[in-house]
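Order as written gives the chain letters A, B, C and D; numbering starts at 1 within each chain.
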């Protein structure tokens, strides 16, 4: 007895073959990415664009690893976008490197037709990769009315890993790397690289760094400090300087690694694992790319209340983060309205509040119309937060993404692979 | 091909088509023709991935942890299945881990077995381990102890389910006959019950083993940085900041697929040679 | 086996199975729980459970539920049809199919998922619930085909012929004999398929592109952010619906699982 | 006194829950002897066998094998082999390994075990199937393998539980021949107990037949004696004897019944009379008791005729050369030597 006797004869086979053919053919013709629509929109008047965005949905890919950030986006930004512009904001989880793969796959499978998402949270090496693969739409950012408020004098904002973001990504926040310690366990934390090495040797098994983005930022900062300052690494990638800096870093690491947690035979997978180890007293330092994460994580109960941030005198890496519009954004108008809203003084102020996120503003605060400068000045600083001038004095810019790429590769190959 | 094979073959192909296409794409990407950073036909990715010591170390480590975990799970599952067959409470308890997602099981392992985990706190309270560092490293450790236990915990439930089902189909009369033919209770178990239980459950055991080779979430939370587990290697390479190296991810993915397919095929061949196995 | 060893077995089993669940539960209700405390120092008040009412989590739970249900139902239909078709094919093809189905079940999602992603994107299903459903159907159908083959193989072979000679038409054989006989097995099959979908993570992430949010995806976000309290809570919530399904399965354990 | 060789069951009691069990069964079976255990379903035949084999505990009583008490001894140490209704071959082993199993579990090296198994397979004419998987065999072949396997254990006692029930008649005869053939060989000569519900099979296989009714042995006797002289109406009915008639005994001890009368001393009143079928002969009307033919059946062993005699039905055989049909009138003659009188009233059972 046949359940579906007629379907089976050849029909299914043909259907299967069609699926196979369709899938393979999808990526066969590789056209230049269609960057037009965001660009075209940028040429028209802003009011037209806002009108076009009304009633649409913007899907925004972002890192969703922090409940504080999620709450800011979901509970503060989204309702206001809906209320003021009639745009629904849906934030979805995706980290930079994954976005590149997804967009490449979308292009291979669908060519220039509409993709899934309209806005991307990116910076640094992801921006470089997206540009390399021509996956970003632009230029469009100069059309944002709020772009005029951005602090054009800050090298950290105007250069993203030494690349010119002009037109292809819009800044929306700034963070600075900091070590986190417990003031009860470590009343006098080290504040220089040599002091840190001495502290590690004096406290075997109490220090480590993770093997993801945060850990690498820590290593890059060390490389600048040990390699003669960030200036030596600026102005493009230089192989010889890199090797010199890397060797200095690796010999420093070799000398302290035996005193690392688990004697440096293994590293925590990510910063969440670092926080867990720190909170339970397995290690005495954790770290963050955001100087204010200590404040939000204490509030969330993830870190002990006596946690504090500390910077190294050799300087710590500060970088800005941005939003970009992919080449195949289904809703570029909505994405641009959202990017503009993120640059508004009220959105930037809310974001900077310690109890919200503690993310640094990218606006030129003194140049803002009243009453904004006063309001930014009034942002209550938490006991655990570092003062603005201290941060500024220690901030070091990012350098060419190739340093990042090479260092990660070499660290995995040399330092991680071979314990002792 | 005979006519009666056409419809079934078409149905099977249709269901498998996404995976067939997927494998085709993976091969193209491994050869540098698809994916981020793709440009031209090259064996660079293949050479880099297969020539790398860390790949083979990861393969070995992943196979070893998966094998040990499967062995532990199977031994525990058989022991329990033989004893709780008749106990509804026992059966319900045994299959509980099926309901717990892998991420959750990994989180539980972290909370339980890390050096500052619950077990460590108990030994601390008992005065055995003054500090977390005195507790043995079971998480992110070279031997993958917590990973093996978490794997085993999840697969245990699945194997109990299978073993109880197989035991239910066994002919109890043959045990009695074997007794009167002169076999002791122990001999009956090892010569009659066990071979039949094993042949009934071996596909499930192999499936569990192959599944663990590709399981991502648990190693992501519990495995050490070196050796790097196979799924973590795939992920790490697929998001490498150097776009030119992402092709290696597809090579390692193909390697994982081949391992799984090889295991299943080898098991199929072994099984066909057994007496009394028709399929 | 004596009563005492039986009790010991049950106790050991309970310890092995329940300890991780108990620790998750303790973590879920504790605001902070640091070394070396054996019990949480501060249990979470109502506020901590607000996470459960988070609209995102609720929406993710709904997505997970419908995905699981649809995967179970469609996977059952596809699985039984395939098994039925294949049991009529030649021995060699049958054998290949069983191996192939087994492969679909265990193929590393990270490896097979990349391909599925391409397929779904080219069909225009990338980042849609439908695409994720189709992706979940691949391992589920593989598993349920094996399950269905076990069931159909153990069914009385003469029953159809006998029903026909008793005067039932071909349709009536199905509606009055086979389907009623198979109905409980269908229910088990739907539960199994739903379980497979419910726990999927890698395939959901790849094909859903982060846009389709299911409970495991949200759970991973929470665990990755280090928010263990919310993570443990979500983990327990995630485990409850499958428990109900398992209750149904355990009743029929002897048949279930014989598929593999 | 010599210790008896073979199986001796003394006062076996087995109880199981609500169902009636066994009550004081005594049975001895000598080496080389075959006893058939016959009884209605549910009478405890299988329980008795399982208890003897040690698969089920005795409430009280004793079992001895070759003079050694084995009550409470583990099943594998009794020297008793129990063969199940459907031959429980170990499907995960090949045919030869099935047969070699009893030897291997006794520590015989595998090669030797296989040699011996091959010899046994040869005796059941299955040497050519030695390396087949056992689940590919036909029903008859499976039985023969199971028998060879049982004999490999060299048992003192062999228990066969309805051994041929699952076989079709033709195969049944063939397999039975094989079994008898093998068991007849002096080399092994185990004491054999066969459970069956087929009287012909019991008569064909066994030296003696034991009738088990309501948990008790009602009669143990040779097949011939049993058929001629059942001890009770219940036994006669169990054996399926067709002519169990009502008789009346007068004060002088004369018993009169529908066909005839005979002498049998005993209490006055109703008795039961058992007459063997081949002792009842139908001739032309006029000679003997008049009767009317009810039905005629032609069988391999001869023609069987059922007649009505004054309201009672009697089965017998026609006189040579006489062809009968339903409705014919006949005269009935009875061989007085084949009339067996039982001192009990016939129950009001439907015929």
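A few comments on the model shown:
By our rule, contacts are C-beta pairs under 8 Å (C-beta built on N, C-alpha and C of every residue); 3 or more make two chains touch, one makes a residue touch a chain.
Here the structure is a predicted model, which means the values were calculated and not measured.
For the criterion of most C-beta pairs in contact, the winning chain pair is B-C.
The chain with its Cα centroid farthest from the Cα centroid of chain C is D. Centroids of chain A and chain D (each the mean of its C-alpha atoms) stand 90 Å apart. Centre-to-centre spacing of chain C and chain D amounts to 56 Å, using the average Cα coordinate of each chain.
Computed from the mean C-alpha positions, the centre of chain B lies at a distance of 17 Å from the centre of chain C. Listed for chain B are residues 7-9, 11, 17-18, 21, 24-25, 116, 132, 221, 238, each touching two or more other chains. Counting partner chains per residue, chain A shows two or more touched chains at residues 8, 19, 23, 27, 98, 105, 108, 273, 276, 280-282. Residues of chain C in contact with at least two other chains: 34-35, 81, 85, 114, 118-119, 223, 228. If you sketch which chains touch which, the pattern fits none of the simple shapes: not an open path, not a single ring, not a star, and not all-to-all. Against chain D, the residues of chain B that register as touching in their complex are 171, 173-174, 176-185, 187, 191-192, 195-196, 199, 274-276, 278.
Every residue of chain B that touches chain C in the complex is listed here, in rising order: 2, 4-5, 7-9, 11-12, 15-19, 21-26, 29, 76, 80, 83-84, 87-109, 111-112, 116, 118, 120-122, 124-125, 132, 153, 156-158, 161-162, 164-166, 168-169, 200, 203-204, 206-207, 210-211, 213-217, 221, 230-231, 234-235, 238, 250, 253-254, 256-257, 260-261, 264-265, 268, 272, 279. Residues of chain C touching chain B in their complex: 1, 5-6, 9-10, 13-14, 16-21, 23-24, 26-27, 34-38, 78, 81-82, 85-86, 88-91, 93-95, 97-100, 102-116, 118-120, 134-135, 138, 141-142, 145, 195, 198-199, 201-202, 215-216, 219-220, 223, 228, 231-232, 235-236, 238-240, 242-243, 245-247, 249-250, 253-258, 260. If you check the complex, the residues on chain A that touch chain C are 1, 3-4, 8, 19, 22-23, 26-27, 59, 61, 64-67, 70, 74, 90, 92-94, 98, 102, 105-106, 108-110, 115-117, 270-273, 275-276, 279-282, 297, 300-302, 304. For chain C in complex with chain A, the residues that touch the partner chain are 31-32, 34-35, 56, 81, 84-85, 114, 117-119, 121-124, 126-127, 160, 170, 173, 209-211, 213, 217, 221-230.
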